[in-house]
Amino acid sequence: MSDDDASSNDATYTAGVIGGTGFAGGELLRLLAGHPEFSVVQATSRSAANKTVGSIHPNLRSLDLRFTEPSDLESVDVLFAATPHGVSMEQIDAYFEAADTVVDLSADFRLPNAELYDEWYEGHDAPEYLERAEYALPELNRENLAGADLIAGGGCNATATILGLKPLVDEGILGPETGEVVVDVKVGSSEGGAGGGAASSHPERSGVVRPYAPISHRHEAEIGAYLGLDVSFTVHAVDMVRGASATCHVFPDGPVSKGDLWGAYRSAYEDEPFMRLVSGGSGVYRYPEPKAVAGTNAGEVGFELDASNKRVVVFSAIDNMMKGSAGQAVHAANIALGLEETAGLEFQGLHPVGSP
Amino acid sequence: MSDDDASSNDATYTAGVIGGTGFAGGELLRLLAGHPEFSVVQATSRSAANKTVGSIHPNLRSLDLRFTEPSDLESVDVLFAATPHGVSMEQIDAYFEAADTVVDLSADFRLPNAELYDEWYEGHDAPEYLERAEYALPELNRENLAGADLIAGGGCNATATILGLKPLVDEGILGPETGEVVVDVKVGSSEGGAGGGAASSHPERSGVVRPYAPISHRHEAEIGAYLGLDVSFTVHAVDMVRGASATCHVFPDGPVSKGDLWGAYRSAYEDEPFMRLVSGGSGVYRYPEPKAVAGTNAGEVGFELDASNKRVVVFSAIDNMMKGSAGQAVHAANIALGLEETAGLEFQGLHPVGSP
Amino acid sequence: MSDDDASSNDATYTAGVIGGTGFAGGELLRLLAGHPEFSVVQATSRSAANKTVGSIHPNLRSLDLRFTEPSDLESVDVLFAATPHGVSMEQIDAYFEAADTVVDLSADFRLPNAELYDEWYEGHDAPEYLERAEYALPELNRENLAGADLIAGGGCNATATILGLKPLVDEGILGPETGEVVVDVKVGSSEGGAGGGAASSHPERSGVVRPYAPISHRHEAEIGAYLGLDVSFTVHAVDMVRGASATCHVFPDGPVSKGDLWGAYRSAYEDEPFMRLVSGGSGVYRYPEPKAVAGTNAGEVGFELDASNKRVVVFSAIDNMMKGSAGQAVHAANIALGLEETAGLEFQGLHPVGSP
Amino acid sequence: MSDDDASSNDATYTAGVIGGTGFAGGELLRLLAGHPEFSVVQATSRSAANKTVGSIHPNLRSLDLRFTEPSDLESVDVLFAATPHGVSMEQIDAYFEAADTVVDLSADFRLPNAELYDEWYEGHDAPEYLERAEYALPELNRENLAGADLIAGGGCNATATILGLKPLVDEGILGPETGEVVVDVKVGSSEGGAGGGAASSHPERSGVVRPYAPISHRHEAEIGAYLGLDVSFTVHAVDMVRGASATCHVFPDGPVSKGDLWGAYRSAYEDEPFMRLVSGGSGVYRYPEPKAVAGTNAGEVGFELDASNKRVVVFSAIDNMMKGSAGQAVHAANIALGLEETAGLEFQGLHPVGSP
Amino acid sequence: MTQAECVECGADVDLYDDLEVGEIIDCGTCGAELEVIDVSPPVLDRAPELEEDWGE
Amino acid sequence: MTQAECVECGADVDLYDDLEVGEIIDCGTCGAELEVIDVSPPVLDRAPELEEDWGE
C-alpha cells in the first residue's frame, strides 16, 4: 500500500495527539489523518516512542508517522490529549505553551468547578482551568464551543445518558423535582482502555453481562452538573468491544403522550447532523443499538411509553470511541475552529456488522 | 462412542418429552437421560420424526433414541411438554391420559386464573386446569410442589426477577405500596427458541444490545401474580446464547442497611441447594453473572446499596435453559415425586467459559 | 439527522443497485452514496419495495432513497447487480438496455468460458457474455478493466486466495507442476448473505469452527482459471460476521529464501493502493487478520517460511463485504471509468474493533 | 447454596492439584470434586493462598476448599500438576515424596527422551523420568497407562491432531513415506492460560482469525514422536474460549475409498467411550465442531474424501480444557488406578451453546 | 427390531418393525439419511440429498 | 532524513537525524524491530527478539 502522507499540504490546522497508543488516541489519529482540515504532526507515547503508529494500530499501517516522547511537544494549532485522568491537569500549562487550542478527553476538565470535582474525584491540580473549559458535547453546549480554547470531552456513559434525557429536561417533562430516573447502561470492553487487567482478558470478559459499576459511577457528576438530575446509575459490561447503550427509565409527574415525546425529541434533534431518532418502526432495528452506529459519530435515541405504569423508557446508543470520545472531540474542535461540523466524521458505519 | 442406553433398567420413573427438537426439549432430554431416577422412553417431533435425537442435538449423539410423532403418545410416569404457548392447553387431556404427572414449560398454566391469563394472553382453552397447576419455582412454591400432578414452569425472565426480589418482599422491604421497581433484563439468543427469524440470524444478532421488549412483556404477569408487585420491565437482547440477567432497581420506603439486606437474602437462600449469594468480594466475579451459572441449575443473586439515592440494586443471573426452563422443570419434578432435589442437576458449570 | 441527498448534483455518474436489500447490495449503496463521482438513483428489491433503504440497513437511515421493484429499471450509467447466482445471466440483456456498464457481483460471469462454468455450476443462460466479462480484481486484471463494460466481481474466498498466491505464481515459485497447495479458509457469517437458515441462526452459528465446505468449493474454479493452480480447498465458518482469511500451505519445488519471498510480495504489491504486507514484526498484529481490514477495501498478505519442511505458509485477509465483494466492485468500476482508484474507498478501518 | 464437602467420605483416593488457580487446575478441581472415587484434599497457589477456590473459579463457589502454598504439599494418592512448563521437572522428586501417582499436564514429561526434548525445548532438569512417564492419551496409549505412576498429559493441539490422524496411520493409509500432511489448527483463548497479556485482552482478542503459531509449534514434537509423522503445522487463534479444532489435509499415496476411511475410523474408535465419528449426515452439525463437545471429554472426528485431488480432509474437535488437558488427565488416572474409565467425566455438553 | 447395514459407513442400523418403504431415517453412526428401499429383508439406500444450504 | 535498508524485507527505512546507536525502530514495511548499529553511514540489524508470548 502506498503511504499516506500524514501531513497533507493544504490542511489548515496542525494537530498533535498525546496518548497516541491508547484506544481514544488511535481513533483521534485515524480521524485527524483523514480530516480535510487537519494535518497530524505528532503522536506521543512513552512506551512506543520511535515505533510506527501502525505497529500499535494495525488499521493505520499506511500512516507515515512514528510516536515520540510526550516530554517533547511540538508546536501545533490544536493539541488533543487522550491520557488517563490526572495527566492533563498536571500538564495543562505545557499544553498551552505548545498549542492555541487544547481538547482533553479525560475527566480532568469536565466538571464546572473544583467543589464538584472534589466530591467525585481526588483534588484538582489546576482548578483555575475548570471554568475556562467547555464541555465538548455539541448537542448540549454548541453555543459555547465556538472559539473555545480548552475543550473537555464528555464521559462516554454520560454522553449516552445526556443525549437520551436532555430533550425531556428541555421540555420540562423531567426535572429535579420529578421522580426516580434509573439509568441502566451496557458498555463494551474498549471503554476500559488499552491497559486492561485480568477481568479484561478474553476468556474472562467474553460473553459477560457483568455489573461493573453497580453504584457511584463518576459520570453521575457530569449528568448532575449539566442536566440538573440525580440519576440512579448502574453500568454493565457486555460482550462487545465498542458501544455504550443507556436505557433510562423515567417517571414523569403528569401524563405524557407519545405526541409530547415525539415533539420533544424532534425539536431537540431534527437539525442535529449526528443524531437519529429510532423509535418503533419495522424490521430488525427498531430502537437504538450500538452496532447500528459503530465506527461513526452518530447517536441514536428512541423511546417507548409504558402507559400502564406511567413510565417513559428512553434508549440511547453511541460508539464510545466516537461520539463517546474521539468523534465528539473532533466534532467540538470543528465547531471551535469554525469548520464544517461533519468534517472528518462522515463515515456511515456498516451493515451487516458483528460486534465492532 | 459406545451408546448410552436411553432407558436404564433401575430407573424409577419413565418420562416423555413433547417438543424434543426444541431448545428446552433438548435440555430436558439431556437432563433426564443423565438422571438416576428417570428413563426417557419418548421424545416427540413433527419435523424430525424417525431421526435420531443426536441429529438435532449434537451433544446427545450417544443417546439411542429417535423422535416420534406427538400424535402417538406413549404411557409414561411423567410427561414434560416444551412446546410453544397454546399447544399444551389444547392437549392437556391427552397428556393426562398418557401420564400421571405433567410438567409444562410454556406459559399455558403459569398464571393463577383465567382473568389474569386473558389480560396478558388471548383466551385460555382449558381454564379449569389453571388452579390445579403449581408454579414450578421451588424457591417460591416448594411447599405446594410435593405431590403436584400439573406443574407449570416459570418464564425465564420472571424467574430471574422473582429470585432477585422475593427476599425483599418477604422481609417487607418491598411491597405493593413501595415506590417504583425497575427491572432491566439482558438475555441471550436461546430465549427465542430454535425457530428464529431474520432478527435472530447471526449477522444481525451478533454484538447487539437490542431493546427487544421495551414495555409490556408478558412475564410481568407472573411477577405481579406471585410477588404482588407491578414492575417496570424492559428486556434487552445481548450477545450470548444462554443466560438471563435481571438488574432490579428498587426504592424502599424507609432506610435500609446492608445488614438488613444480607439478613433478607441469607434467610431466603441459605438453605437453598441451587442459590448463591454473590455481592461484592474480590477478584473478577463480584456480582451475579450468567456465565458463572451457564449450563447449571444455579441462580446467583446479589445486591448493592446506593446510599446517596436510597436505591437498592439487585442483580440476579440464571441460565435460561436450566434454572429458567428445563432445570427448573426437573427440579420441580424431583420435588413432586419426592426425589433428591438435586438429582440429575449436579453439573457445576465451567470456568473459564466464553458465551455458552 | 439531516438527510443526505442520495443524488448529489456534481456527481459524474448515475448508478443503480439490483439486490439492494442484500448484504452486498447494502454495502454498494453505502459506498456509492459516499462516493464523490457517483449518485445512486435506484436500489431494487422485491421484498421491500417502497420501503426506505434505512429500514433494512440501519446505518443508512440518513439516505433519502426507497427501494423499487427490479422489474422497473431506471437508466443509469453503471448498474451494479448483487443478486444470487443465476439472476444476472437471465437479466443481462435488460441490464444493458438500462446501463452502459454492468458490474455483477455473482458468479454468473466470473469464469472465462462455458465449459468451465458447466463443470462447476449448472448450465449458463448467456454464455456469449462470458468472454466479454472482465474479472474485477484489479491486482490480477487491472490492465483489462479500463473501459470494460461487463465486470464480474470475484468470489470472496477466491479473492483472498488469489491475493495470497499470485506473487508466488508470478515469480515462478509456484506453478501447475509444483506440489500440493492446501488452502484452508476461515470466513464470517455475512458470506452467506441475508437470507440464512437454521445453521445461520445466532444460537447455532455462534462460537463455531464449522467445516462448511470441506471439499469441492466452487471458488476453486476461479482460482484454477486465473492462477493455473489446482488447490486443495476447505472452508470453515468461524465466529465473526465479516472477514475471510485464507491460509495457504505451499511446497515449492526448490529452496526458497525469505529474501525471495519478500522480493515476490514487494514487487507484486508495493504500488497497490489497497494491499499491505504484514509478516512478522512486533506487537499484537503480526500477520494478516480480517479484523485489521474490517470495513475497508484493504487486503493484507503475509508469509512465513517453514525451513524444516520446505513449506511456505501464506496468510491473506480481507473483508468479504468489501475487498471480497462491494469494495472490489467499486474499485473495478473506478478503473473502468478512469476515476481515482481509491475514490469512495478511503475508510481506514477501526482499532480497537471486535468482530465487525 | 449449601456447601459441597470437598472431601466425601467414601472416596477411594485422595488427590491434590498444583496450580489450582490456573485454567487447567480449575477444571481438575471441578472434575475431581465431582468424581465418585476422588476426594480433593489440596489445591495450591502462590498468588491466592488462603483464598477460597470459588474466589477464582466462580463455578466452584460451593466447594469448601482454600488454596495453600505449593511449598507445603500434603500427602495424597494422586497429585495432579497443572503448572507452566519447567515447574514439574524441578519439583518431580518432591511430588513423588508426596504422592504415589503423579499426573503432569505440562510438556515436561511428554516426550520420550532427552534428545527430542532438547530439540524442541531448552534442556531438561530430570531426564531420567522421561522414559518412565506415560503419555496420557488413552486412545493412543491405553495399554501402558494401567498402573503407570507418572503420566504426562498431551498437548491440546497435539491431542486433536493425533486423534484425527491415528486411524489413518494404523491402517497404513498414512506413514512417514506418504506425502505432505498439513495440519491447520484453530484454537480458543483458554489455551493461553489465565495469565494472558496484551494480545489476550478482550478488545484485541475478540473476533480474530489470528495466525499465532505460523510455523514451528512445539506440539509437532509429540505428533512426530507418537505418530511417526512430520506435519506442516499452523495454529490460528479464533474467537472462542474453549476448543481446539484440527483440520488435517492428507495425501495418501494410493487410491482410498470412503469405505476404507469408514473402516479405519470405525475400527479405531467404535469402542472408545469418548470418541464420536461425525462425517456428513444431515442437519446443522455435519462435521466435528468444538462447540458440540464443549465442556465434555468427548472427541469428534470426521473426514471427507476429495476425489479430484486425492486428498483426505480429516476434522477433529475437542475441548482443550477437557480432552485436551484436565479431562484427559482424569481419564488417564482412571485407567492407571483401574477405575471406570468414564468416572467423573459423564457430562454430555450443551445444546444450544454459544462459544463456551 | 431388525437391522440393516448403512450404505455409507457400514454400521448396523436398528429398524423399527413398522417401518415402511419410502421412509427416511438417519444412520446413528454416520448420520447419513437413508431411505427404506425394501422391508423384508430390509434394504436401505442413501436418500436423495436435499440441496440444502447449511451455512454459506 | 537519511535512509537505511531493512535487513528483513529490503525496504528503505527513514531514519531521523538524531537517531543514536542502540535505538530500536520498526520497519514501516515489514514491522521488523531493527537496532541501529551505526549512524554514519546508518546500519540496521534485527533487534534481539524479546521472548514475547503474544497469544498462546
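Just so it is clear, A, B, C, D, E and F label the chains in written order, and each chain counts residues from 1 on its own.
We adopt the following convention: contacts are C-beta pairs under 8 Å (C-beta built on N, C-alpha and C of every residue); 3 or more make two chains touch, one makes a residue touch a chain.
Because the structure is predicted, anything quoted here is derived from the model rather than measured.
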item: Given chain C and chain E, the chains that contact each of them; value: B, D
item: Selected from A-F, B-E or D-E, interface repeating C-F by over half of its contact pairs; value: D-E
item: B-E against A-C, pair bridged by the larger set of C-beta contacts; value: A-C
item: Chain centre separation in whole Å, for chain D relative to chain B (CA means); value: 34
item: Whole-Å gap separating chain A and chain F, where each centre is the average of the chain's CA atoms; value: 37
item: Centroid spacing, where centroids are CA-atom means, of chain B and chain F in whole angstrom; value: 60
item: Contacts with two or more other chains, residues of chain A listed in rising order; value: 23, 51, 55, 189-190, 194, 198, 203, 206-207, 240-241, 284, 289, 352-356
item: Residue list for chain E, restricted to those that touch at least two other chains; value: 26, 31, 54
item: Chain B-facing residues of chain E, complex; value: 16, 23-26, 28, 31
item: Footprint of chain C on chain D - complex, ascending; value: 179-180, 182, 184, 186, 198-199, 203-204, 206-211, 214-216, 230, 232, 234, 236, 238-240, 243, 245, 247, 249, 251, 284-291, 304-306, 308-309, 311, 313, 315, 317, 352-356
item: Residue ranges of chain B in contact with chain D within the complex; value: 1-2, 23, 26-27, 30, 33-34, 51, 55-62, 188-190, 194, 240-242, 269-276, 278, 281-285, 289, 292-296, 298, 321, 346-356
item: Of chain C, residues touching chain B in the complex; value: 23, 188-190, 194, 196, 198, 200-203, 205-207, 241, 354-355
item: Of chain F, residues touching chain C in the complex; value: 8-11, 26-27, 29-33, 52, 54
